[in-house]
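In order of appearance the chains are A, B and C, and numbering begins at 1 in each one.
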Amino acid sequence: MKTNRRDFLKLAALGAAGAGTAGALTAEAEASSAPAEFGPDVMAKFYDSTKCIGCQSCVVACYNTNFRDRAKYVDEYLPPEEQNFIEKEDLLPKLAPQDEFTPDKPWLNVVTNDYRFRTVIQKYVDENGKPHFIKHNCMHCKKPGCVSACPVSALQKDPVSGIVTYDAGRCVGCRYCQMACPFNIPKFEWSRAVPKIVKCDMCWSTLGKNGVPTETACAKVCPASAVVYGKRSDHLAEAKKRIAENPGKYYNDSVLGETIYGGTDEIYLAAVDYKKLGFPTDKIADYSYAEKSEGLQHTLYKWGIAPIALYTALAIVGYRNNKKHHSDEGEDK
Amino acid sequence: MKAVTTATAVMGLPLAMAEQVVAAAEKPDNRPPVIWLHFQECTGCSEALLRANHPGIAEVILELINLEYQETLMAGAGHQAEASLENAIKKYAGKYILIVEGSIPKLDNGVCCQIGGKTAMESFKHAAENAAYVINLGACACNGGIVAIEPNPTQAFGAPEFMPEGKPYINLPGCPPNPYNLLSVVLYLLTFGALPELDAQNRPLFAYGRLIHEHCERRPHFDAGRFVREFGSEEHKLGYCLYHMGCKGPETYANCSIIHFNDGAAWPIGTGCPCIGCTEGSVLFKNSLYSLATVAQPTPNANVPTASPEGLGQGATPTQTAFVGAAVGLAVGAGAVYAARLPKEPEDENK
Amino acid sequence: MSHEKEYAVHRAPIFTPTFFVVLLIVLIGFAIIAYRYWMGVGAVSNLSDGWPWGIWLAYDVAVGSAIACGGYVLAITVYIMNKFKYHPMIRSAVLASMFGYALAGFSVIVDIGRYWNAYGFFVPSRWQPNSVMFEVALCIMAYTLILVIEFLPSVFERLGELDKWPKLAKFSRAVYKALDKVLIFIIALGVTLPTMHQSSLGSLYIVMGYKLNALWQTMFLPLLFLGNAVLMGFSIVAFETVLSARQLKRPFEKEIVSLSRVIPYVVAFWIIVRFISVTVSGAWGEAFSMSWLSLYFWLEIILIAIAGYIIFATEYGKSQSGLFLSAMLLLIGGGMYRFGVYIVGFDPGPEWLAYFPSISEFMITVSLIALEVLGYMVLVKLVPVLPNMSAHGAKTK
């Protein structure tokens, strides 16, 4: 075979390499640029670990509102006669076999967030035997990985309130949101034939009747005001005030949620290292990985230029080759 | 007055309402006429009422209600009594409150329970049709109770089974029901002229809206996992949770754990006896006394989970590893053997 | 047309003992799949909230679609690089690709929880162009369709030969001619789409950030996945050629030896990019930490490098055995890379147990592979797919 080495594979490979590298570089640049600020009406929950008494009332309130009695709340704005059978099924609080009632443990078995618990309280006991409580739920990131990952817009971030909502009617159950969440928050109903993704939506779909809620189940019942619901800006100011008034009381005098993963709607204060409270703060960067990923995708596929150009080039080359090949064969005969 | 204040409190109404209730209770000749029928029962519900002190029974019948017919309390007997019942029904038709105690048998057209030659079915229907409201007092009147236990020889049922269509009625189950709940309902009817808010089983929510479990004095022991496993044991003496002794508190809706019995002096769980679920038709005499209750509203246990949980997810079992490893190894090994058997001479394609 | 005689139906009985063994595996797998639809994904798999993606995506989609890249690389070689010498091999490669992608699609339907909502990919109001998954899904669906169209000529060619139904035969011949004219534009699309989604299969993991180990997490993921797909595409063509020659007792197609000479260059390119990516990520410390992950990383690179060396520098690499062995090494090494990204290098956090597929989960994957093999075995005996050795052999001599 004597074909010259001006073959297209090289070109194609080079092209791909070029595009890939350029994409990588651009994405780096985009990720490092300052992200958009939080809007004025962004809603958030503010949790102060030092106030929490670990009563788990918020866990029960959330469980009752969003899991056990979910149908009751949804029926108010989506009457049962307008629901199709899958929507009805989605509202049923079905327990997985391993979570069904056992006489030896007649309680709700809480370990971590799962398909029942959109929020949980966990405990860390420090060296002095002092317990520190922490509330784990969706952080409603400014640039959420889950929203960026969802291929069918089932997860969306409300542009005004910043609440990350979930629409089971769109979800295909691919679980990419679970993979993409740096806090491992979205959960899946593994033992159901009709499963859905479960995550905190600040009671958007229950108390809020598919709108910005005026209160959340957890904040409403908290007896110690450890978790409160309101505007993020107010919460951040309050958190800063508490730190200023009690220097040294809070870990590093810092607020969790101010910068982590590019900033989250949720505001946290705690007296110990957040890493010990279950946040992988040492691994999560100060920018959203979603920005990186989207930066790369947008560079490679901007306006569809690259794929269309590639297709056109391939079609032209292929057409000419094919024509030439056919005429060559004709000469052979 | 004191009696009325107590009743107002039981109803869960604000104290300011007490005056309204007093006014209603004290209006002359506005004592509601009450007809009280007994069917297949033990008179325990009446006995419980007799033991109430705030108000005492005398106060009740003399000041609060106009008791027209009550087989246990009335002086008359025989045909005279039956005639007075008939008179009362005629006189107060559409106005009186009918209180039913006991279940009504169906077997052979109700021959098992007859009063003055009339079957319970007949006399109940007659009295209920002309009543303003019907109050079914006690487990027997609400669900058949002890009389209706399998095999139910008299085919007994609760009064709702025979209720005339559309008749407003209220169930006050219990064995016995708390007398203050009855008193509160009567006063509520008197004050507002309507039934209080009811649940799906027609029980007043102010008394039956919450689980016994929710206000039980032994609840902290439940949350912490401190259970009595044997009667008379050390744990029993320490007052631990009776859940494992068959206490039905976690599935029984009633206010026993709040107002107690005998004027707040005692109640079953307080004395170390498990709740038998007497206000729940589906529990009382249906489940064994010592069977475990279903926790209707489970809550997390008092131990808060740790912030660094371990072993989440499903790791591999040795069988799985062996199976998958063997399959993959087999495939790779087969490939290697296959490669070894193939011709090893270079193929010259231009040959 | 000139290449009508290029292909022939493989004349052999369809219902062989092998057929029934493979069929049995398929049936077992489908019973488990039925159970999964009744009881949920968790009932048959070891997947959990920490490990939502398991072998159904790592093998069936990521590795399976890479293995199915034979059609992609041959299309590049033949039509774009103008090497029509390899044209006779293209139909079997396209058929294998078609089954590979159908398998990926099928396993996705088994894997996703709310499959009845999958039509949402075609509802513009639900499109989410930021999502890598969205692009991958659309591309894979489109490419599967393209592969079917690319395969159609063989079906129509066969139908055109039927004398029983003259009308159908006439129609088929007309369609065949029309298809032949536009096929090149379809093929160009069939090269564009895999370039897009094979790279995006890697981009999927960029959003996961720290959850993917630094040895694999890099902005070069799309390029590495594309290179890996080309590599695995070439080797699967070699692999299949040797295997079908041997198993179907046909003469060996010697074109594959010269085709395989490209492999070492792609190997070298890929390993260089891989090393650059590790450098950029600053993960060399991790690579030499002698942890299980670093050993896995080196094994994956060494397998690929050895295969490249065998083909590049040894005479053995030109034999059937050497070709088969190096193709196998490449498939294992390339597959390991994809598993490295999808499962091995993924770590949701210390609280989660490591994922390992359950037996039923594994059996579903095995049965889907078996289904693919079954389909290939049956179709080559029904329609002209394999190179026509009598005509073709005469020409090369």
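Just so it is clear, contacts are C-beta pairs under 8 Å (C-beta built on N, C-alpha and C of every residue); 3 or more make two chains touch, one makes a residue touch a chain.
None of the values given here were measured: they were computed from a predicted structure.
With centres computed from Cα atoms alone, the innermost chain of the structure is A.
More inter-chain C-beta contacts link the pair A-C than the other of B-C and A-C.
In this assembly, the C-alpha centroid of subunit A lies 44 Å from the C-alpha centroid of subunit B. For the pair subunit B and subunit C, the distance between mean C-alpha positions equals 64 Å.
In terms of their C-alpha centroids, the spacing between subunit A and subunit C amounts to 31 Å.
Residue positions 112 of subunit A each touch two or more of the other chains.
Looking at subunit C, one finds that residues 47-50, 258, 351 touch two or more other chains. Touching two or more other chains at once are residues 308-309, 312 of subunit B. Every residue of subunit A that touches subunit B in the complex is listed here, in rising order: 54, 56, 59-60, 64, 101, 103, 105-112, 120-124, 131-134, 276-278. On subunit C, the positions that touch subunit A within their shared complex are 2, 37-43, 47-50, 52-53, 76-77, 79-85, 108, 111-118, 120-121, 123, 125-135, 137, 184-185, 187-189, 191-192, 195-196, 199-200, 203-204, 206-211, 219-220, 222-223, 226-227, 230, 258, 262, 266, 269, 273, 346, 348-349, 351. Within the complex, the subunit C residues that touch subunit B are 46-51, 242, 246, 252, 254-255, 257-258, 315-316, 318-322, 324-325, 328, 332, 350-359, 362, 366, 396.
Residue ranges on subunit B touching subunit C, taken from their complex, read 308-316, 319-321, 323-324, 327, 332, 335-336, 338-349, 351.
Chain contact summary for the complex, subunit B toward subunit A: residues 222-223, 243-244, 250, 292, 294-295, 297-301, 304-309, 312.
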